[in-house]
Each structure stands twice: as structure tokens, then as C-alpha cells.
Amino acid sequence: MTSPKLKVAIAGLGRMGARHAAHFYGLTPRAELIAASTPDHREIAWARATLPGVRTYSNYDEMLYQETQNGLQAVIVASVTAVHAEQAIKAIELGLHVLCEKPLSTSIVVSESVVAAYRKSLETHPAQKVMCGFSRRFDASYRDAFDKIQSGLIGKPTVFSSQTCDKMDATGSFVEYAKFSGGIFVDCSIHDIDLALWFFGEESRVKSVVAVGITALWPELRKYNDRDNAFGIIEFYGGKIAQLFCSRMMATGQEDCTEITGTDGKISVNTQLISNFVNIHEATGIRRELVSDYYGRFREAFIAEANEFTASCLDNNATPLKLEGAVHAVRIALALQDSLISGRKIEFDESGHRITGGT
Amino acid sequence: MTSPKLKVAIAGLGRMGARHAAHFYGLTPRAELIAASTPDHREIAWARATLPGVRTYSNYDEMLYQETQNGLQAVIVASVTAVHAEQAIKAIELGLHVLCEKPLSTSIVVSESVVAAYRKSLETHPAQKVMCGFSRRFDASYRDAFDKIQSGLIGKPTVFSSQTCDKMDATGSFVEYAKFSGGIFVDCSIHDIDLALWFFGEESRVKSVVAVGITALWPELRKYNDRDNAFGIIEFYGGKIAQLFCSRMMATGQEDCTEITGTDGKISVNTQLISNFVNIHEATGIRRELVSDYYGRFREAFIAEANEFTASCLDNNATPLKLEGAVHAVRIALALQDSLISGRKIEFDESGHRITGGT
Amino acid sequence: MTSPKLKVAIAGLGRMGARHAAHFYGLTPRAELIAASTPDHREIAWARATLPGVRTYSNYDEMLYQETQNGLQAVIVASVTAVHAEQAIKAIELGLHVLCEKPLSTSIVVSESVVAAYRKSLETHPAQKVMCGFSRRFDASYRDAFDKIQSGLIGKPTVFSSQTCDKMDATGSFVEYAKFSGGIFVDCSIHDIDLALWFFGEESRVKSVVAVGITALWPELRKYNDRDNAFGIIEFYGGKIAQLFCSRMMATGQEDCTEITGTDGKISVNTQLISNFVNIHEATGIRRELVSDYYGRFREAFIAEANEFTASCLDNNATPLKLEGAVHAVRIALALQDSLISGRKIEFDESGHRITGGT
Amino acid sequence: MTSPKLKVAIAGLGRMGARHAAHFYGLTPRAELIAASTPDHREIAWARATLPGVRTYSNYDEMLYQETQNGLQAVIVASVTAVHAEQAIKAIELGLHVLCEKPLSTSIVVSESVVAAYRKSLETHPAQKVMCGFSRRFDASYRDAFDKIQSGLIGKPTVFSSQTCDKMDATGSFVEYAKFSGGIFVDCSIHDIDLALWFFGEESRVKSVVAVGITALWPELRKYNDRDNAFGIIEFYGGKIAQLFCSRMMATGQEDCTEITGTDGKISVNTQLISNFVNIHEATGIRRELVSDYYGRFREAFIAEANEFTASCLDNNATPLKLEGAVHAVRIALALQDSLISGRKIEFDESGHRITGGT
């Protein structure tokens, strides 16, 4: 007898949605992708060709309505950021498990409303799982780093440096996207912020943030209060500091890396960037190529995320990430974004309230 | 409507068999693992616990008999080397597709009998696929190297260096295994030999081989005519040379790497050994860990192999590797093994016949 | 006939002074070290044993007085920072060439007085050379990076990241030194600041600086207004930003590295830290050792500095660095140190005057 | 009072001779270069311009005759290989210290005659030093590797792999040079052979050698019995093996590296090839440049050699290398060269006599 599989639907089949769909369709043995929704007809055509057996919908609500009658158990929210929260809440209120792409929202209030909906629903669905996906938490190298830190290998971790730097996109397609993205700290550095919270402890409280940035190649980002390169510093209560670098201007490829320094040692992740194990020796030097986007580096992590979320739902185990952390990360990212634009250093008291620099 | 999946059975659930089973069970969307056979009761118990829905058999013939009635289409032969050929031939003669673990056999004659059986069966089953798996052919880095060489990036490839070096196993478990393995060149270097044939061209003809070796740690290997460390050189007609290193004595982990030098450049694969992207900075230095076995390095390649073999069968496309190459590689490996033990350089004429050094 | 050599005296034979003495004594063919002064009798004994033929003095003024009569042409000031400026000015006023260790002073006013003395002296000694040594400017790799940037390889350089991180010194000897050092940004990051000015252009004007830091291991640094780890950001007018990291807490060794990102590419220097070309494969991983201090990494640069300074003096060529840059770097370092302690972001107008954040 | 310096003369001011001259002239504090001889008038002009104070001669014998009257103590033989032995012997017979470039000769008999001359001279000049320079013995990384092996870090060293591969020289200038070089194993691999003897122990006795090679780009090498790429294997009595690779065809630059595997670990030297610490991130990948010749990699080693040879002479200490080792290395290189051309494996008895494969 075959053990039961988790019945999953996905909302959104854009770039990231299509990847999630493929992971749940063919690379998550304990899950069965039964439905997908997207308002985009080309994406529906893609799903029909690529995901035989999966029912497609142009309307999310319709999908929820129909598929709950087919035993739907979990929803993957991978649509545009603007509808993440709304779609997640609808599924939560139906008692469905939810895996929501990051961020929950570019608004703290809206992000918190997802957490509130989940807390309320838990009262009647105590086994319900809701998770916001931060892919690096599922990456084998970042996990190895975390485990080594937990084991005490570097003493007390106190100094954190991390960067999320995108390959230069000459078309500047991200400029229009900046209208909705929440800005470069929310779009890119949120991963680094989440890592800082992971390595320093989820309970870490921010003391101050400050950021500066430039528009080296795309001055039109300024109309959306965004920048193409920025540095930020986060100071935590208790003697911990973090440094961030985000950029849209890497010539070679995606350059994401992290270093965590403790009182007894340091761990670095990804600092020797490679795409594979090939080196080319030619007249101009020894060359290695690079992955062109974060999926090239983190594909395995996304697949692990799909499998572990599925296992949490089926086995009623805790999800690898707590939902509250996603709100915490957005709050810090938005403060950095605020500092980036206002030029002010922003300070917080020990309860998390801004005490200076507010806008 | 779901498109039909390839119905697959697996023979052997030992270390490698269990991995193949997991790949076909959960990571090969177009395949359905329906049955598995092994004479080992513990392995059957494992399959029942881990692969729900898969029918298990303690007898290979019985599995073939029953499952052909259930629509079985393909067999994965992952049992002990000694029965590879026999099991493969039985499946071939039933018109089934076959993916056989390397080597087909440690005997050239037996290896050739598999090829002969396949050629005969093709007359009546022209869409039948039979492939011997050389995992590195499916590895993204080796493929990238191959594509770059094909594109002319290094000019004409003429000098090849490669090594397959196992992590030291203090228990010496491989000593008893040496009785059946065919020796270190057949067990380890066969991968490197296959790569040389791939990069230099499958039609390459050997002019001479020579090998020397030692037993640095396990002198008891000598009773099975084996060594724990060896070097070999292969000379091809047409001005191409290959150098091999195989070892059972790597302190840190699996060390497999390859360099191909051409008249305009060089490509190296795996020469900067890593297990993941973590570096540890501690008082004694900067340290990185290593994978402990070839599966740690080539897992993705095995999964690609499962998916591509499946696609070849379903879509009636050519398999990525030709079966004849597997015989060619065994023939070279056995000649090296012969030279290793006899101390003689072995020469071949342009038709492939030994002209000196025979034993 | 032998060509004349530059007659050189050195002030200070402490750690760095002894190195400069050895460089000028045996590794600078066009220079002749004729005298050395130090108030420390052990250092005088060391000089007598190690530098035969060099006259030693316990008093700097006495050395100047006597040796000008012996044809002294140049003075290397490598004494404690507190007397750098005074000793340099005395030599300058005698019309001698001067190579002064960094920093000229931890005070801007005093630093400027050295520049003023030099400008005045130049009126009567137009061939006089005065240089403040920033060793990285003489390092082959940093020079290669600079040349590549100048050639346009990375487009317009706009984003700079650099760190000077010392190996952890369990004795905490640097704590007492912090009383005089000017703080971690003046002592360590001054090199990175100088590099930023070099790569971005000496004429770059600072718009703002901000810094945060902690005392992870040595809280007693706080009594000298210092920290053991700090991050800083420098914003320049014209759309350029720099990020700094300085630390006293590296477990493995000296970790100094730099990245410069431009609109077309990036150059990194030293990011793959090594001490030599050895890798050790052992059961716990592959390990490489690290240099334990900056001299281990930059010895060749110091030797190049000695030879190039000598050539400038003998051939009346421009020195590789302008003296004014040293004041510029100190000014930025002190502003970062101020921000580190005050917690304020400090802003400058386009003429270089502080407009906020003053103390 | 200045301590006395070693009075040195140099024979030969070609590429390597000019470098030695510069090292002894300006970078060896305890030596004084007093004279140089070369039959080439352009080289004499170079010396007069570059080495003021050094007396020049167009005739070696004349230099010896004149300079012994000026207190000459040591001769550096850096002329063409064909006269190494003759010039060395003349200096030895005068009781002078001699540093001779490798090889002593491409003939074993002639090489042995140098050793014999030295042994004889020692009877009357017991403090006389004669050394054949193998630069890698003075390289910091190779020395670190040696020290670590001596300390037992890798257990018993038993497996050695090393390569000396020259950057491709499109002019093929080395083809004519092959007439005198002794062949690629004598010209290039002699360094690797010397390293094998160093790491395995000078007393190691060869059991067999075998080599194969090709002419991938320069078939005209065949008329001088040479090849442009070759592999060789050396088997030593006592269970030790060495693998060599030599090439004239590296597209990027000089690629010299070495690995020594022992029963408990492995040490690699130079396997991550770099020229400096710069990495270039550009659209095609991350690139590092390479040194174009062995001097680019080993300059510091040559300078150490000059200083240590000088110290041995002045302080009457043992030289870092024994002269006999140079004969041993030539003997092995010539046997490999013989195998390369004859196609035969060559075996030796335990007393070092060839027992098979002779020509």
C-alpha cells in the first residue's frame, strides 16, 4: 500500500512559481501537486504542457473552492508579492497548510496580519503549518555553518558580514519592479538579515540601523526611492553587529556570500564563488564561470524546502522556520531602506520601538 | 490526463542499489519504480519501509516473471558485479530496457556477451535501450568540460590526467572485495579511462599501457593481485597520452579530479576539492571538509542518469552512452591491471591486438 | 666606478624600525644605511650585532647633528607614533629626504604641520622628498589591481569594500597600545581608507561617515574609547561608497582583503587568503595556514617601498605617494573613530567641513 | 667595523646569469659581486650599465686568473649547460667555492667528474663548498612541505606526483635548444626528480622508470629525440612511486606543482596556481592570471639560494644540498629520456645498475 501524499496546490506560475511547481511535481516524493492557479494564460499553457495531471485555474479563489473538495491540504503561495498576504490568509482561514514565498509583504502591518491569521487559525487547527520560505535556511552549506556555530566551533558569534548581489541585468528590468519590491534591502538583503537572525539567535533585538547607497548605473531607480548598490549596518543589543552589501551590478553572476566571526573563529560561506568544478586555462588566465542567478546557486535548497515543508505537514512536526521571523526580517529591511533614503541613522529601544530617525 | 510513466524494477538493494531505488522512486518524475529484488532480507525490509508501493522479491527471475505481466518496461541492474551480466542478459532477452551499473563484468568475454545479446535483441526490439552507467558522464562539470572541448576551447585535446582516489577506510573492508573487483584499475580507474575515451573520442585506439603500484598500507591485497596505490599511463595511436592515479589511501575524503590539456588550453575538473561552500577559520588554519565517497560528489549525476535513461526509453532517443564503450573501458583497465602485476609494458597493434607483454 | 648610494639613517628600531633597517641595510642596493637611533639599549645592542658598520645613537637629535656631517641624505622615521611628526619635521628642516611610517600623527593639526614644514622647505630644497609609507601602495597585487582599474577593466569604480583584521592576540597587548594608537580605525583601517582614496581618486571628497563597533573580547578597550571589532561606511560625493571592517579577533591570522566594484566588473585582492602554496590534506579536512601578521603578507611591499623611495631621492623623481594623502586618510579615520564612539553619523559639506555630528 | 663579505664572481650573464648577478649584487647583504665573465659583448654592456663596480671579462679563465689576485672566494657558474662542468672544475681546482646552475651536465660521466674534482679538492680545502642549485629546495612552500613531512604530518610518504610545465612559447625557441638540453626530462622534470629524492630520502634507489610522450605542436623536436609533452613513472625500491608530467604547451603560464601522499595524509604544493592575489570578475567569469615562467614563481627561492650559499661559505656550514644528489637526479632523468625514446621500461637492480631496457 502506498502511503498517502500531501495534496498541494500552487498559486502563481511565474519564474519562481514555475520552479516551485516543478519541485513539488517531480522532486518531492511525499507530495502530489494537484492544482495550480495563475491569471496568465501563457503560464497556464505551460503548466498543461509540463505538469500533466495538474488542474489549472485562472482564479485563485476558484482553485481553493474546487480543490478543497478534492482533498487539498496545502497551498504554495508563489505569486507576485502584492498578493502574498491576501492569498496566504485565505488559505490559512480554510485550515490549509501554507508555504509562502518571501516576503509576506513589503508592509509590516500586512505581514503581521498573516501571523495573526495563523495564530487565530491554530486555535481550531493545531496541526496547521504556515511557513515563509527563506531558501538559504535549507542550503546544505548554510546549514553546515549553522551546525558548526551551534557546536561552539567559533565561540560566540558576534560579527556578521553578508551580501546578496545580483548579476547585472543590462535590460534594467528590475527598475520597474522596484515600484513594488519594497527596495533593494527588502528584495535582496532580506536573505542576509534572516541569516543574521538565524546565526545570532531569533531573539536578537536591533539597536540601530544605518545605510547608504548609490545609483551607479540606473538613476531612474531614484523615482521609486531605490538604489542599485547599498551598504548597511545593523547593530544589535548585546554586542553584535552585522554588515550588509546589496547590488544589482555584478558583472559575472550572482555573488552571495556570508562570514560569521566569533570569539574563537570564523566561518565563511560561498566566499570562493563557483558555478561548477570546471576551471579553464587559457591565454588570458585561469577562469571559472559563475551562476547567473540565485536559483543557480540555491536550487537544491528550494527542493529541500519543498520536501521538508511536506514532511512537516504530513508528520505534524515543527516547520524549520517560524513565521514570526519573516516579520522580524521585513521590519529590519524596511528600516534599512528608510535610512538609505533619509540618510538618517535609525535607533530602537530594547522593546523594538524606534527612538530616533523616524520618518 | 497523466502521461504514462516508465515502469521500472531494480535488481540489488545494496549500497548503490538503494541509491538507484531512491532516485527512481522519488526523483525521476517520468518513472515509476514498481518492483525490487534482492536476496538479502534486511534489504527487503528496508525497501518495504522506505519505498511504499514497491513490490519486493528475493529472487530476480521471479521478479522478471511476475512484473512483465504488470507491464514492466525497464530493469536497473545494481546487484553485485558477479551477476551484472547474467541479470542484464536475462532482461535484454525479454526485450526490456536495461541500465546496468559499471562494470558489465570484470571479464572481457562476458562483457562482450552482454553487447552481443543486446545486438541480437535489437533486431526484434529496435527501440530497446541498454546502457552501462558511468556516472561522471552525467555530472554537470564533466559535461561542461566536454562541451567546452567540443567547442574547440582548448584546441585539440592530447594530454589527459585523471585520478580516482578513495578515502582511506581504516577497516580495510575493500581488501576482501578485491577478490571480485577485478583490481584497482577496474574498480576505480575505469571512470578515468571512460573519461579519456569520452574526451579523446570513443574511437581512440590504445597503443600501449603500463602501470606500477605499491601496497603502502594493505599488503594483504597482494594475494588478490591488487595494490592500494597505482599509477598508469595509456598511450593512444594518433599522439594522445593519458596518466592515471588510483588510491585507497586519501586521508581526507574522495579525491577525484581530471585535467585535459589541448593544443590551445587546458580544462580542469574538480581540482579544487570541496564538499560544500563552507570554510572554517580556526587557530590551525583555514580548513574545508571533503566528501567521504564518490556518491557525495556525484549524487546529482546519478539522478540525472536516472532521468535521462528514463527519457531515452520513453521517447525512443539514443542513450547518452553507447554500450560498446563499457567493454572498451574494461579492456583497457584489465590491461593496466595486468601490467601492474606483471611489471611489463603492454603494447597493442592498430587493430587492438596485444603484440607484447601478454601473460 | 661605483655609483653613489643614498646615505640613510633610521629613527626607531622597534618591531617595524628593525624591519626597515634590515631592508635598507641589505635589500636596497642603491642605499647605504649609515646610522640608527633608538632610546632603547637592547635595540642598540641588536643593531650592533646585526647591522655591522652602522653607527648607533640613543638620541635622535645627536644622530642628525653628527651624521649630517657625514653626508646624511635621508631619514626613515620608524619610531613610536607620538614622535613621528616631531622627528620628521626636524629632518625636513635640515633639507633631508624623509620616509615616515604611517600615521604622521593621530592629530590632524599635527599631521598638517608636517605637510606645512615640507612645503616651506621645498622652497629652498626643491628636490627634497617626503613620503608617508602606506605599504599596500607598494604591494604587487594592489598595484596590479590599480593598473587594471586605471586601464578601464572594471568601468568606473564606485563600490569599495576592505578590511584590515589582525590575528587575535590572546595577551591583549594592543589594549595598552590603544591609549596612543588613535583607535582601531586610525591604527588598522587607515590602510583601507588610503586604498579607497587611491582607487577612487585622491581628490575624492567625503560626504559622510558612520561606524559601529563592539568589544567582544576586550571590554577594557572602552576606557580608551576603542573597540575590538568595528564596521564603518564612507560616502563620497559623486556616487561612491566604501565599507570597512576592522578587527582584533581573527583566530587564524592576518585577514586583509579588498574588493573594488565598478560599473563593468570587479577586482578582488587577497580574498583567497593563504600564507604560502601548501595545502594539507588530513582527516579533518584540507587545511591551509595563514600569515600571522601584516608583515608576513606585505614584506615584499616594504622592500619595494625602500627601493622606490631611494630611487626617488637619487633620481629626483616624484615619490609614489603624495604626502597630503596621508593627512586626508587620517582625517577620515578620525571621523570614523568619532562616529564609532558617539554613535552619530557625521556629515561633511563639499569643502570638507563637518556639518553635523560634531563632538 | 663592517664584517667581511664573500667576494663572488659570476660566469655567464644570459637570462639566468643576469638574474644571479642581480641577486648577488643587490640582494645578498653578506656577498660582494666583484666580477662577471661572458663571451657576449651585449651582456658585458648590460653588466657595465647595471652592475657598477663589477669588473667584466669576456674570458672565464682570464677572470679566474685576475680575480684570485683580488681575493675572489666563490664562483657562480650560470653559463650555458655545455660548459657548466668545465668551468666548475676549474674553480674547484683553485679551491674556490662554487654554486653551479643545474644540471652539472647532461652526461652522467661528466657530472660525476665534477663530484670527483670536488672530493679531491676537499682533501686540501676542507672548508670548500660546491653546490648545484635546485631552486625549489629554497622555496618557502616546498620547504614548509618538507618540514611538515619530516614532522610526520602525513605518515610515511610513498606516492609522489609532480609536474614542470612551461608556458607555450609560440616561437618554439626551445626547439633548437633541445639539441643541447638533454631532453624534456633533463630540462624540466629534473626539478621534480630532485623533489622526489628530497621527500622520499636522498638514499632512495630506483627500481624502474618508464615514459611516454608526444609531439603535439612541435614535431621537429623528434630530430633531437625530444617531445613536447611526456609522462613518466619512477618506481623506487621499498614501495615508493613517483609520477611526472612535463610539457611545453601550457596556454596560461608556468604550471609547476607537486603532491606527496603518505600513509596518514597528503601535502600539495602549488596546486592552486596564482601569480598574485588579484581576481578579476568580468562578464566571462572570474579570472586570475598566471606567472609566465618559473622565475616568476621562484624568484624568492633564487634569492634565498644566493644568501644561504653565501652563509655556508662564510660560516663554514654544510650547504643545503649535497652535490651527489645532482648526479643522482641527472641519472634518473636520462633513464626516463631513454625510455621516452625507446619505448622500453628500464629496470635497475638494487645497486643501481640497469638490468633491462638498455640502449
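As written, the chain order gives the labels A, B, C and D, with residue 1 at the start of each chain.
One rule holds in what follows: a contact is a pair of C-beta atoms (placed from the backbone, for glycine too) under 8 Å apart; a residue touches a chain by one contact, two chains touch by 3 or more.
Worth saying up front: this structure is predicted, and the values here are computed from it rather than measured.
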item	value
B-C against A-C, pair bridged by the larger set of C-beta contacts	A-C
Centre distance in Å when chain C and chain D are each reduced to the mean of their C-alpha atoms	39
Euclidean distance of C-alpha centroids - chain B vs chain C, Å	57
Cα-centroid distance, chain A relative to chain C, in whole angstrom	42
Interface hub residues of chain A, defined as touching at least two other chains	154, 250-252, 264-266, 271-272, 280-283
Touch-based graph of the chains, sorted into line, ring, star, complete or other	complete
Residue numbers on chain C that touch chain D, as the complex places them	1-3, 25-30, 52-53, 140-141, 144-145, 148, 153-154, 264-272, 274, 276-283
Parts of chain B lying in touch with chain D, wherever the complex brings them together	154, 156, 158-159, 161, 208, 210, 212-217, 229-231, 233, 235, 239-241, 243, 245, 247, 249-252, 261, 263-266, 271-272, 343-345
Chain B contact footprint on chain C (complex, rising order)	250-252, 255, 273, 280-290
